[in-house]
Structure formats: structure tokens, C-alpha cells
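Have a look at the structure that comes next, please.
Naming follows writing order (A, B, C, D and E), and every chain is counted from residue 1.
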Amino acid sequence: MIRFDHVHKEYPDGTIAVDDFTLEVPSHEVVVLLGSSGCGKTTLMRMVNRMVDPSSGSVSIDGDDVAHSDPVKLRRSIGYVMQSGGLLPHRTVVDNIATVPLLLGATRRSAHARASELLDLVGLEQSVAKRYPSQLSGGQRQRIGVARALASDPNILLMDEPFGAVDPVVRAELQRELLHLQNELAKTILFVTHDVDEAFLLGQQVLVLRTGAEVAQHGSPANILLDPADDFVANFIGGPRRHLRTEMRDGRHIVVDAAGHVTGVLQDDRGAAG
Amino acid sequence: MIRFDHVHKEYPDGTIAVDDFTLEVPSHEVVVLLGSSGCGKTTLMRMVNRMVDPSSGSVSIDGDDVAHSDPVKLRRSIGYVMQSGGLLPHRTVVDNIATVPLLLGATRRSAHARASELLDLVGLEQSVAKRYPSQLSGGQRQRIGVARALASDPNILLMDEPFGAVDPVVRAELQRELLHLQNELAKTILFVTHDVDEAFLLGQQVLVLRTGAEVAQHGSPANILLDPADDFVANFIGGPRRHLRTEMRDGRHIVVDAAGHVTGVLQDDRGAAG
Amino acid sequence: MRFDWVADNMGQILMMSWAHVQVSVLPIFLSLLIAVPIAWWAHRQKSARRVLVPISGVLYALPSLPLFVLLPVVLGTRILDPLNLVVALTLYGVALLVRTAVDAFDSVGRIIRDDALAIGHSPRQVFWRVALPLAGPPLLAGTRVVSASTLSLVSVGALIGVPSLGYFFTNGYQRGFPTEIMVGVIGTVVLAVIFDVIIVVAGRLLLPWVRATDRRRG
Amino acid sequence: DPMATSSPSATTGASETAAATTITVGSARFPEAEIIAELYAQTLEADGITVKRNMQIGARETYIAAIKDGSVDLLPEYTGNLLQFWDPKTTAKSPEDVLSQLRDNTPEGLRVLDPSSAEDKDSWVVTSDFSSKNKVTSLADLSTFGGKLRLAGNPELAERPYGPKGLTDIYGVPAANISFTPIDDGGGPLTVQALVDGDVDLADIYSTTPAIAENNFVVLEDPLNMIVSQQVFALASEKVPASADERLNAVSKALTTDDLIAMNARNQGDEKASPSTIAADWLKEKGLI
Amino acid sequence: MIQFADAFAWLVDPANWPGPNGITARILEHLWYCLLALVLALVIAMPAGLYIGHTGKGRALAIGLTGALRALPSLGLLTLLAVTMSLGLRLAIVPSTIVLAILAIPPLLAAAYSGVEAVDPDVVDGARASGLNEWQIVGRVEVPLAAPLLVGGLRSAVLQVIATATLSAFLGLGGLGRFILDGQAVADYTRMLGGAILVIALALILDGGILLLQRWLVPSGVSIALGTGRLEGR
């Protein structure tokens, strides 16, 4: 369980990135922070592993204030996946995955064995093990990023727009796999994205944030979709794109948004009939 | 009207980027090339303004083979918008917009007057005119990119993932504005994207491409959505995400995709009933 | 070019080449050893950078001859001690490398170092395991420049009586004998090429990912 | 130690034996000095002494400092110039006066071995054209020379009593009429060429330089003995064992001015023989090794 | 450290400044030698470097060449040219200029091609797609954006040339090297040190001058574009 308690962050240059934020992330759940660029998502996430220290307020893990823990040890105990992958370009894939176990003092052999397991877990072939990150596709790199974050079997995973840089087909695949993985591993995941579909797909709880990490709405995906708290949220989650109606075309029911654009095909007429 | 005629492109390193591609882009229409990374979209587009010359086959504009035209003159007569903006970082916004008119011999005064008009057209305040690109937000930069492309009032606009680098809220806004602009200006637009929603929103015709710029399907958005030519297309345009059904929740009809995720709210029960 | 002279004097040529190598190797190592920590410091601290980078530039403006001659006075070494040359050449090497190394560390980028920290490297580990290896390629390029310029500068030592290939310059000049000077020039260039090859090979061994990465770009 | 008595200055270095010592032989930075130094070096080597060479060190100021601080142990020198270096006010002219004053002025720890009859002086030379046109055959003729005199020579000449200053002080050439171009080749080809090209009128070239004869240069007479006797000798530090003196003196005894000219010709002429070859040949010829 | 006091005393002694062998004349000679060499080097290195940077052709050759030129010992080249060109005393400026130019070419060439290469390819692409021809791309985009690196190359060329022009004295030329070489010949460390201080001072003044010139010439847009505006002038 991660708890943010009246957290506030002002950067040295005067930017107020987070202004009084409170949240509890229950263990074994995925909580998504959803908001547009610069609203403070990354800042919030980095407070958990002390890459950023709050100006006031506190962040605690299972009741222990992280401010009292050694940052290096803390970071080794938390998995972190970044948009850029954050892989070390001068280490092979297997060495990248094994980074944290090695830092924690595992033998090279056992760390590499663990890395092999993880390659399987994230659905990569063993043959990529000896390659360098630049020799991989974007989707492969992100999988390695996930594998690395899982290497020391942390309870907490921080994922900062981990799929933001890959193309939509691969992204959809990665999202499905993450859901699958989470079914198995049941980590506590704090997930940051600005993609509404991704947030609703992955999050058990979603927080829609405004600038300064102000919470515009907090709830389940269906909850937010059905009852946007205000115009900001309604607009953010798609506005007219979410207001659907069905039409008959070529003898089939299709779903059309408020602007008249087709978004899908109705599978089941019974459902449509309510 | 732009015509690609059995175009083939092999790069010096042996990559076959385009393998026998034929297409007619009718005047005053928006045609979208949709495909995942590396399938040859950019290569195709750059053949129109001779940034790339085809290995075989020909590209013609209004019946004239571009191979016979002077590339510099040709490029000045075609608007080009790229993902990164491609603005000159050491020139002010107004100078960036005025680049082509000045190259074509316009006076500084008239070029700047034109630039002012264009700022209005793309919805920017006059106050940004004297700024440098690095002092703008991503969305503003893309608007300047569009303004620059329109500066010499070209008949043809080439747009290479112009909104790929901005966040989704801003992107939606830019898309709406482009539609609006096109209503007014009715240019011939070749638009490249890998975002399915964007393609269906903007294109009168959409081409779904496989590697080597092979056309997997060519048709109107509704056409492709309702009748994907094959599994590749079906999967590319969203697969289960496009297979919708409706459910009743909190007394309202909501639309849910094949995986059970809510995608929107049904506005109009009459529509749903068919 | 009098090849008979070259053949007759091969012994001396090799001896002078060896002397040349001996005074060159240490400065190249030392400048790397000194410049890297200085550059790391300058890279991390703006105020340090503001002082250190310009100072290293000034070193570069020192004319070599007076430096060679005056160092014994400053260091209290003997007049013909090769140490004078070693110190002087190290100063030049440091002057050349500090800026390169600062740029190299800058190019590693905050983001990547930040990422390394975020996954649990201690600051010291960030330097040794991430920043230093990633700064490797530009540092290697800088070392190649230092090696070439050191080998070329050593010969100025001939003017203060330190044996090197430079001997052939002053002696050939006094005798009006181009072949002899040419031998010195070519010898210096050959040594430079050998040093360069060694540095490049060492670089390949130490920085294996560079080549792997390059191949992809073609 | 049996050697302790054989040399007056060997009192402190006496404990060292010849076999255990490495002697560093050095020379001034011009070819002839290296050849003579090579004669010394090979002589010592024939004696079983290990020799390190550090040739062509630089000008007198540098190599004298080097022998004083122990960087080198043995050097060829020229009597007059060294005396003037140590005692600029000296008035000694004759070889005997020069030698005895030189010994008096020699600092502790260094010793002057026997001088050779071979001499190599600085000499002021002009082209034969210049000589005949201006009727100049002696330095004494220069005071009445009308125009500006353009001089060339080693940089250090500017400070030497036999340089431009000497021409003014001793031969009465007005300082305003003299311009001096330093050339750093020890009276070598560039200096010679400057003279031939007419870029300078007067050049200081060592008297044993083959180019003087080759180019028909006129060596100006020095009636007032501005340039003093310049006998070749070995200057040794305490590290050179006294037992070696005899062999070194033997070399000096056998060496003549003509030998120097001949050896310089081999070194600088077409043959471009190396100092070590020249030295070995000469030593063998004289039966010294 | 006594020598420094003496050297400064020598420097401020008004008797040492005037006349054909005075400090003033030597400084002017020194500057003249450097200027000649720098102009020659610029004329060769700039077009070549811009061409290589712009087209990417000949890059490997340029890297090899700059490496080889760097390894060429100035003293050796100077003596070799003096001995083989037989230009005598009056034209000693020719070998000296060649040697100094060779010294200045590598930093200038490297700065030119790497400066142009470092320009964001998207920016060049955008410019080309807008219809700038190749000359316009070089002149209006690449050169301005490479300006800080070009100036950096110029600065290191100037520093090296100023410092190395002292060797010209070896051929009987003037310049500040005279004080150093003549001083060395007679172990006059005061004069040597004085000469060396003059060389360094000259180098620093020129370096500062170039920096000012850069601030003044490089358009503010470039500094803003490269984010160098706020940093100290490196």
C-alpha cells in the first residue's frame, strides 16, 4: 500500500508541480494517474522512490514514511518502467535485466538465470539476450524495461507512460500482456498515462488530474465514463467521441460518435435492444 | 490530382521501402496513408515533392511527371508539414512562416503581412510572431508548421504525422481545426498517420498499408471499418475494440467492447433499437 | 630521400623512436587520468565549470618551448630530466581533454543518469557503471587527438636536449639534410598511427557496444 | 683508491670505480660538438665504461647547467668561449693565458682536461664578392664601411663579446650601423645561404665549416684578437673516473684542426656520415681503439 | 617565482618596447604571421568542412586527414620546408605560414564538418522540403546553426597558432618567439618568460575578442535555438 498524504512539490525554479495531493494505492491494485502533459504525474510517481522529495506532506509505503529510508535501497526495492525504456545502452539485454540483482549482490550466474526467466515471462525469445538495446524494436525495448523492473521481484511497480513511444498495434499487445502479467503477479502498480483508452483499460481506479496534480475525478473507469465530474473531465475523456449512437448501414448496426464518425460495429443486436 | 504509377523504391542499402504502389489522389480531397512504423508512408509522401525519387514508376501532379520539374521550384509549390515541425530554430515564428514567400521573391513587408493572416488562420495570437520555435508549446509549433506550409497558397499539402508529437487533448483540437480549414480551403491533402482514429476522422479515403507500402485495403473509413479486407486490417483498426455491444448500467445504455471495456455512452435509444 | 642513409642509420632511428615513445606514453595516460575527474566535477557543478574549462583553455595557449625550459626552474628538476617534458605534455593533454570530457559527460545526458539512479544505482555507481562508459566514445576520440598532438609535440623537446625523433629535425636542419628531417617527420607520423591503432583497438575492447550499435546504422 | 692521486679534482668522486659507472656524454647543439663528443664516448666505451649519450643539448648556458646539475658528465668544449662565458671581462688572448684562466674559473666539481691543438673558432665571413667590392678583408676594415652591416649568426651571438657588441667595442663599428638576424642552425646551411643570397653581409660561421671553402667565403682577419683561442678540450664532472683522463687526453692530443674540417665534411657533405661512424673511423685510424 | 617578478619588470620597462627589436614590433610581426596562416587555413578548411558536413561525403577521409595533420610535428615540418624550399631568409615567412596553417586546419575542419553534422537533420529536411536550394540550406540554416561550433574551432586554431608561431623564430623570422629562442640561447629566463607571458596574453586577448565577436555576430535566434544563450560562453 502506497499513501500520499497532503503532498506538495515546488521545484527550485518556482514551478508548483503538485499542490496538496492525497491518495491511497491499495496493495495488488493498478491505479492510473491520467492527465495531460505537465500536470505533475511524473513528479507524483517519482516521490514514491524518492527521485523527488516532496516540499511538504509525506509518502509512505505500508505505513513507513519513505523519507526515512535510504533512497538507493528504496529504489532497488521498487520496479520502475519509463517511457524511454531507460535501458543502459552499453549493456546487453541480459545485463540490463540483471542490473538490480547484481547491484543487490547476486552472483552473475544467478542474476542471468533470473534474467532468462524474465525474458520468458515478458514473451521475448532467449536469442535477444545478448543484443544491445539499440538493436531492438521499440516494443521489445519496453518489454525489457518491464522485465528489468520485475527482476528483484518488487512489490511495487511504477510505470511512467511505459507504452507511450510504441506504435498503436504493439501498444495494444503490450497492454494485453500487462493485464495478463498482473493477473499472475498481482503487484501494486502506479501507472501514469495521458492516453484515456489505456487508462480505462488498465486501471482498477483512475485519477483524472488537472495542472498541479489537482484531482478532477477519482473512480472506476465506468464511473468516470458514465458520470464525468465536470466539463474538464468530460472533455478530457473524449467529449463527443464518447457520445455514441447506433446507425443502420449495409444491413448492420454500426456505432457512430456525436460528430458522425464510425467507431465500431455492433455485434449483438440483443444488447443494442437493451 | 496526384498520381502514383507503379512506383517502386529501393534505398541504397537495399531496403525496399515501396514495392509497386499505384494511387490517384483526387484534387480537393484528403487521402490518408495509414500503416505502422516503417511501412513506407513517409517514403511515398516524399516522392511527391521529390525529396525522394522513385527507383521506378512515376509520380505526377495534374498529369505532369514530377521527375521533369525542378525540385526546388516544385517544393516551393507544395506545402509540407512534418511531425517534428521542422521549423528553423534560429528564426522567429513570423520569419519561419514567411520562408517560402521570401524565397519566391515577396517583399519582407508583404511576406510578413501574409504571415500575420496565417497566424489568425491557424488560430494563434499575433503575440507569438516574434518568438522562436523553442519558446512555443508542441501544439503551437505544429500550428506554425501548418501555417508555413500554407504560406504560398499551395494546391497540395503533404502532412507527415503532423500531430503525432502532441498530447491527445491538443491533438483532438488540431484535428478539428484541420477539418475546419479544409472546409474553407479545399486543398489536395495527402496525410500520413499511424493513428487509426485520426485516419478515420480526417480521411475521405484511407489506405491501410503493409510493409513495402503494399495496399491492404483502400476505401472510405466506414467501408474499412465495416468490411475489413482481411485479418491484418481488422487487427490493425482495433480488432476486439471495434466489436461493440451495449449494456445497461445505472439505468443507462453504455457501449462496451469485446473485452468488456466501456468505450462510451449511448445517447439515443432510438438509434440503438435500430 | 637518401635510403642508403636511412639504412645506415637505422640503429639510431630506432633508438630515437624508442626514446620518443617513452616520453609520450605517460603524458597520454596521465592527461586522461587527470582530465576525467576534473571534467566530471566541472560537469556536475556549474561554478566549477565556469573556472575549470576556461583555465584548461589557457593552458593550451602556453607556448611549448618556454614551458619546457622553465619547468625545471619551477619544479626543481634537472635540466635534461624527461620528467619536464612529461609534465609539460600532460598539461597540454589535460588542456585538450577537459573540454572534450565535459562535453562527453554532458552528452550522456541527465535523463539516462536519472534513469540509472531511479533503478537503484548509487551516485558512485552511476559514475563508474553508466556515465564513464557512456562517455567512452567521445573520450576515446579525445584521447586520439591527445595522442597525436603529444607525439608531435615531443619533438620540440629536441630544442632542450631531450632525445626524441626531434633530434633529426635540428640536426638535419643544421646539416641541410632533408632526408634526415623527413625520417623524423615520417617516424613521428608512423608512431602516431601505431598509437592510434592501439587506442582504437583498446576502445573496441573496452566499449564493445559501440560497434554493435554502429553496425545497425550501417 | 689508486686513482685518487692521479687527478687533482677527483677527491670526492674517488670511491666510484670505472666499471660500475655509467657516464653520460653530452654535446652542444651543433654537429661538430656531437662528433667530438662521440670520440670521447667511444674512447670511454673501449675502456669498458658504460656510456649514455645525450647529444645536441642546446647552447652553452643549457649544457653547462646540465653538467653542473649532473644531467651529463662529459662534454667537448672550446677554451676561449668557455672562459668568456665564465669570465666575460677576461682579457686573456694567448692559448696559455686562456687555459690557465679557464682552469682558475672552472667551478668546483668540474675539471678541464688537456686541450687539443685542434681549434674551431667563431669566424666572421663574407662572400668574396662583398670582400672585393668593399675592400674588406679584416674586421678592422668594417669601421669605415659606409652602409648598414647586416649580420647573421646563432641567437646567442647577440650577447657574446665577439658578436655585434665586440664589433662595436673592439673594432669601432657604430652600433647603429649593425643589424643582426639570429638563425638557429649553428652556422649551418641557412646561414650560408643567407650569405650567398646576399640577405646578410656578414655571418658568423665556425672556422671548421666545410662550406667556407666550398663557397669561397673570405674569413675576415681578426688583428685585435676579438675571437680568442678556441682549443677543443673535454670538460668532465666528478663522475668521470680519473682513470679515463689519460685516454681522453690522448684523443685531444691526436686531434687536429684539419681532422675537424675533414670530419665535418663527412658529416655535412654528401656522405652525411653519422657522428658515430666518423668517430669510429678516426679513432681506428689513429689507433686509439 | 623570482623569475616572474623579473619578467614583469622586463615587460613594463619602457625601454623594451620601441625599436625594430622591441616588444611592439615583435607583437605586430607575431600577429601578422598568425593572420596569414589563419586566413590560409580558413580558406582551405571552411569550404572543405562545410562540403563534408553538408554532403556527408569524404567524412572518413577528413577524419583520417585531420588525425594525420595533427600528428605532423610542427618543428619537423618547419625545418624540412626551410631546408627543401631554399627560399632563404627573406621568404622564411612561406614555410612558417604553411606550417602554421597546417596546424590550424584540423580544428577548423573538424569544427566545420561536425558543426554542420550536428544540425538537427529534421531542420535541414524541413528547409529542403520548403524549397531552399542546397546553397541556401548551407548558408541560411547550417552555417548559422553551426556557428558556435565553428567559432569554437576558430578559437582553438587561434590559440594553437599563436602559441606555435613562436617556432617561426627558429628560421630567423621575428615575432614573439625571438624573445623565447634568444632568451633560451643565453639562458635569459627573464626574457623567455616575458616572451611567454606576451604570447599567452596575446592568445587570451584574441580569444576574448573572438568571444565578443561571437556574441555580437551570432544572431540571438541561434543562441536561443541551441540553448546556449543562458550558459556561459563556451
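Just so it is clear, a residue touches a chain if its C-beta (ideal position, glycine included) is under 8 Å from a C-beta of that chain, and two chains touch if they have at least 3 such contacts.
Fair warning: this is a prediction, and the values are worked out from it, not measured in the lab.
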| item | value |
| --- | --- |
| Least hop count linking chain B to chain C through chains in contact | 2 |
| Contact distance in steps, from chain D to chain E | 1 |
| Those chains which touch chain D and also touch chain C | E |
| Chain located farthest away, centre of chain C as origin (C-alpha) | B |
| Chain centre separation in whole Å, for chain E relative to chain B (CA means) | 49 |
| Cα-centroid distance, chain B relative to chain D, in whole angstrom | 87 |
| Euclidean distance of C-alpha centroids - chain C vs chain E, Å | 20 |
| Inter-centroid spacing, chain B versus chain A (mean Cα positions, whole Å) | 29 |
| Junction residues of chain E - those touching two or more other chains | 82-83, 181, 184 |
| Numbers and ranges of chain B residues touching at least 2 other chains | none |
| Touching two or more other chains - residues of chain D | 58, 62, 65, 184, 189-190 |
| Chains grouped in pairs wherever the two touch, ordered by label | A-B, A-C, B-E, C-D, C-E, D-E |
| Complex contacts: residues of chain C adjacent to chain E | 49-50, 53, 57-58, 60-67, 69-70, 73, 99, 144-145, 148-149, 151-156, 158-160, 165-166, 168-170, 172-173, 176-178, 181-182, 184-185, 188-189, 192-193, 196 |
| Chain D contact footprint on chain E (complex, rising order) | 20, 82-83, 86, 88-90, 169-172, 178, 181-182, 184-188 |
| Complex contact set, residues of chain A against chain C | 46, 49, 51, 72-73, 75-76, 80, 82, 84, 86, 88-92, 99-100, 103, 131-132, 134-135, 148-149 |
| Contact footprint of chain D on chain C as seen in their complex | 2, 5, 8-9, 12, 78-81, 158-161, 163, 167, 170-171, 173-177, 179-180 |
| Chain A contact footprint on chain B (complex, rising order) | 36-37, 138, 167-170, 172, 194-196, 200-201, 221-222, 225-226, 235-236, 238-239, 241-250, 252-255, 257-259, 261-269, 271-274 |
